[in-house]
Amino acid sequence: MLHILFLLPLLLSTSHASVNDFCVADLKGPDTPAGYLCKPPTKVTTRDFVYSGLSVEGNTSNLINAAVTPAFVGQFPGLNGLGLSAARLDLAPGGVIPLHTHPGASELLIVKQGLITAGFIASDNSVYVKTLSKGEIFILPQGLLHFQVAYGKRKASAFAVFSSPNPGLQILDFALFASNFPSPLVSQTTFLDPEQVKKLKSVLGGSG
Amino acid sequence: MLHILFLLPLLLSTSHASVNDFCVADLKGPDTPAGYLCKPPTKVTTRDFVYSGLSVEGNTSNLINAAVTPAFVGQFPGLNGLGLSAARLDLAPGGVIPLHTHPGASELLIVKQGLITAGFIASDNSVYVKTLSKGEIFILPQGLLHFQVAYGKRKASAFAVFSSPNPGLQILDFALFASNFPSPLVSQTTFLDPEQVKKLKSVLGGSG
Amino acid sequence: MLHILFLLPLLLSTSHASVNDFCVADLKGPDTPAGYLCKPPTKVTTRDFVYSGLSVEGNTSNLINAAVTPAFVGQFPGLNGLGLSAARLDLAPGGVIPLHTHPGASELLIVKQGLITAGFIASDNSVYVKTLSKGEIFILPQGLLHFQVAYGKRKASAFAVFSSPNPGLQILDFALFASNFPSPLVSQTTFLDPEQVKKLKSVLGGSG
Amino acid sequence: MLHILFLLPLLLSTSHASVNDFCVADLKGPDTPAGYLCKPPTKVTTRDFVYSGLSVEGNTSNLINAAVTPAFVGQFPGLNGLGLSAARLDLAPGGVIPLHTHPGASELLIVKQGLITAGFIASDNSVYVKTLSKGEIFILPQGLLHFQVAYGKRKASAFAVFSSPNPGLQILDFALFASNFPSPLVSQTTFLDPEQVKKLKSVLGGSG
Amino acid sequence: MLHILFLLPLLLSTSHASVNDFCVADLKGPDTPAGYLCKPPTKVTTRDFVYSGLSVEGNTSNLINAAVTPAFVGQFPGLNGLGLSAARLDLAPGGVIPLHTHPGASELLIVKQGLITAGFIASDNSVYVKTLSKGEIFILPQGLLHFQVAYGKRKASAFAVFSSPNPGLQILDFALFASNFPSPLVSQTTFLDPEQVKKLKSVLGGSG
Amino acid sequence: MLHILFLLPLLLSTSHASVNDFCVADLKGPDTPAGYLCKPPTKVTTRDFVYSGLSVEGNTSNLINAAVTPAFVGQFPGLNGLGLSAARLDLAPGGVIPLHTHPGASELLIVKQGLITAGFIASDNSVYVKTLSKGEIFILPQGLLHFQVAYGKRKASAFAVFSSPNPGLQILDFALFASNFPSPLVSQTTFLDPEQVKKLKSVLGGSG
């Protein structure tokens, strides 16, 4: 009966290369176009595959009455190379996740509480908007502008899941008004009035 | 001012090929290795991007005290080509999602209610098991055997999201005992006793 | 000597499946997540691989003093499945290609005449801007907001090439102000003043 | 006990979309950039996954004393979408598989009988040549010129496997001398003497 | 005539980055989601592209009367990044390769000697089984349970090739009974009788 | 108003992993199958995204009256991971870019000056040749033999763009005659006369 046991090391122990089911990110090392270097398999534990950071409600005491808590590869290294990540959205009444894009991923929105109006704008400027209730899901195709806002007077929350461990996040207002994008260029490339640009830059802390 | 309007059709209307942000599945047509043919863009509406089937609790009055409700491309055509899908798991007390694999996708498990013990087995036969509470997430790497069971005496539920619109699902017991896989071959390739095979085939309805 | 000729049909003529070097788009058929169905190989000619539409200067007599002439798969079917497309940018003095993204592609900008100030904004709101002269190239990573404007008082032109046969194009102003995106939602998700939204909607033709 | 049986149809029978483990090519339909349309799952049988054409020795009574028998998707539709194909090489003494490339695939050569000298040339013009005996394997990276010749006075055979269901095959001599590539252009772009071009065109049947 | 020689270094020697036809694995370095770091090109020799380990018959003097000899990237570093790997199967009379999956690859089975009964089970629990003779090939789609057994009283052998340099290998019995997967969880998630689990754990060395 | 500012660091500053819009190559580090390791984001500047090397005409005072100036990842590290690269072709009257392939990329040729006759040969030995004028573009599918020659008595230039940051370049004549590919093997695998091989080896500097 012992003989069968020899098959196992033959197949699987010739080198550490045999275990490649996953590649937990070594966040201290460099990134590559396909994700982070893998943590040595011998150092991987169950904890690398679990993340608890989304179990806590985000703090919505801010201007947008909303919070986004990411579980991207930077927070949850076990996602590295596996084509998925997540985030938790918390919306107080009146809460708004401003228009944004994920440059490298599609998003699936899963409403867990309350009512959320979500929408995206396609390349042909068609607008797809829907108010979702608990348990409904909405697919937001890759790279397109989209938003989520609380509907009605109740608070709401959702999970967003992404088709990449590191989907990226470009918030339109931050790109325009919280950056050092020179104000004349902002106006020139968006047709926004200089006063509007100036006003929002002062709110959001942009310079230039 | 009207001149700018001419830019829009110039860029976007030369042909219908210009709108390729998404490819809602035409489930009546054939599949391809990359997914279904696209529904004509002119017939796409907001409803194609929303799915409500996961908002209803599954019926757990069955042997496994559990239910899986899929939102794969076959149920939710808007997912086609976008690298994501989802399912809802409902577990009554004692509920079990038996050992299974998704041949073509990794899974991210998001606990929405109760306590769930989930785990997977890696190629080197390491076992990663964790009892998760509400809001915790667990990443299950592609193609590996895994399971979910209700922990304790409370009911539980979760969302599972996948890195493919059509992740596939191979339930070990169904493959072995609900199929027409000839019983001698089952025993020969699993070392299970013929009596065990016979017993489970009679429960699960397999032949051969 | 004739014998060698038998090798050729043996290898290559067993079925039409053998010729798969390319897949010229059949634009009359449906799209798939990986591109259009292929035109039958027997109907492919040299003309399918050549496109002349970028040899003509675009008409810049419009509000933005600029023109974009695409050579995407919709205009140039030979690109189908080959991971590349192109466009020609023409900028009269003062010309502006407004802020936009390509949801599914990176862009390489090649200046062919004049001076062009181009830039993009990264997810961390860093801004990368450079004035480029003839022959200089600028890489714009996938999915990020970017722009091109004529620098100085000369006209300018450029080729933009993309890492997809159908890169998509979402022009920020058109998405916000030329669409039927409801004005209250525009203000709510961008923090723009309602007057600003109303003004630009009237210019760009948006409703809602 | 019957209850568990209800789980199976729930999971797997909602639509035919649920079975996507494979996509057997419908060779009568059009191709796409990702492969052929799938044959309807209900028409798939075990025979779609088996191919017997490589069990027969190829006819090497020809100028090159060699034969290549392909099992690409055109011959073996079950390969569609699965990233693999194969071919059988038979080499009589003196047999030669002339210099060629596979535009879309790497090749793994497995010697099954005799001795075969195989080699490839890299982009930096390094040459990697080795005489292989039975059971030895040689990896030939994608898109590079390579060849196989019988070593010594014995006949030899091999299996070649490819990283694509339709790897393509461009035989250098056929491209140059069996085509209608105009002879002056052949000389101009290869520096071969016109007499050499003329001679080989007459052997291989090229025109122009 | 020397002038042409200047073209070569211009094109190819500007930096070592120019030689990227292959990426031989540096197995001493870390892995990434796309494979191992590349060995420096200057240290690559022909030996990196050849592997002789499959030319020797595996030792079948064991319980399963079978042996699997892998040529994955861990044994054959030249495969890194090239989408292919291989293994040799040796089956004495009565030999069995138990039910297993490759989580990240499809498999093409090539029979080289004897008769082999092979089969796989699809997600819809359809079973595809065939007895193959020398030279026949069988495609086994990614991630599905499959097996190979010697047919009749002769020994048999085969090559298996995979669509990944590191296909992974999860042997069902080892996952269940040679691991520390707690026995109560095994029974709970497979419906196997505790006695059956205990018996096979004692044979295969599992704990828990 | 300060509150909104807290959202930004929450989303984007948890770790450096959050900025993954690009991956500028660290050319001093090792390569991977997916490209080079990324330069630390903190060291990235606008200069990493701009390349000026194509603005200078190449030196065509050589045997082929032509020059190729590459902007691959080795010269322009900002391209790493972004699926694009470029080159500049300069052709004096009579200039020839000899037959060559790019093993890992398709090419889009954009004529910027003069007339260029370009062509490629498909796997079925069909030849696609066209003389292109300024602004015309020609798509050359991946891995196939192709060439560019100056048409008429004027000089010409073009940009070539590729569907990979490192497309590779295998020049047929250099592979055969500037390498140490043994002359008998060259003749045997190409059917070229030994005298022809000897003559071109002496011109191009090959040995063996």
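Just so it is clear, A, B, C, D, E and F label the chains in written order, and each chain counts residues from 1 on its own.
The criterion applied here is as follows: a contact is a pair of C-beta atoms (placed from the backbone, for glycine too) under 8 Å apart; a residue touches a chain by one contact, two chains touch by 3 or more.
Keep in mind that this is a model prediction, so the values were computed, not measured.
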Set of chains adjacent to chain C and to chain F: A, D
Taking each chain's C-alpha mean as its centre, the one farthest from chain F: B
Maximum centroid distance from chain A, chain identifier (CA atoms): D
Pair joined by more contacting C-beta pairs (B-D or D-F): D-F
Computed distance of Cα centres, chain F from chain B, in Å: 42
Whole-Å gap separating chain B and chain C, where each centre is the average of the chain's CA atoms: 35
Whole-Å separation of chain centres (CA-atom averages), chain D against chain E: 21
Per-residue multi-chain contacts in chain D, two or more chains: 8, 12, 18, 20-21, 32-34, 36, 103-104, 122-123, 125, 129, 141-144, 168-169, 174, 178, 203
Chains that touch, pairwise: A-B, A-C, A-E, A-F, B-C, B-D, B-E, C-D, C-F, D-E, D-F, E-F
Of all residues in chain F, those that touch chain C in their complex: 8, 12, 18-22, 41, 46, 49-52, 54-56, 71, 76, 78-79, 82-86, 88, 105-108, 110, 112, 120, 122-125, 128-130, 132-144, 159, 161-163
Residues of chain E that touch chain B when the two form their complex: 96-99, 101-104, 117, 119, 121-123, 125-127, 129, 141-145, 147, 149, 168-170, 172-176, 178-182, 185, 188-193, 196, 199-200, 203, 208
Chain C residues within the chain B interface of the complex: 25, 27, 30-34, 36, 58, 61-64, 66-70, 72-75, 103-104, 166, 168-169, 171, 174, 178, 203-205
Chain D residues touching chain B - in the complex, by the definition given at the top: 1, 3-8, 10-12, 14-18, 20-21, 23, 26, 29, 32-38, 40, 80-81
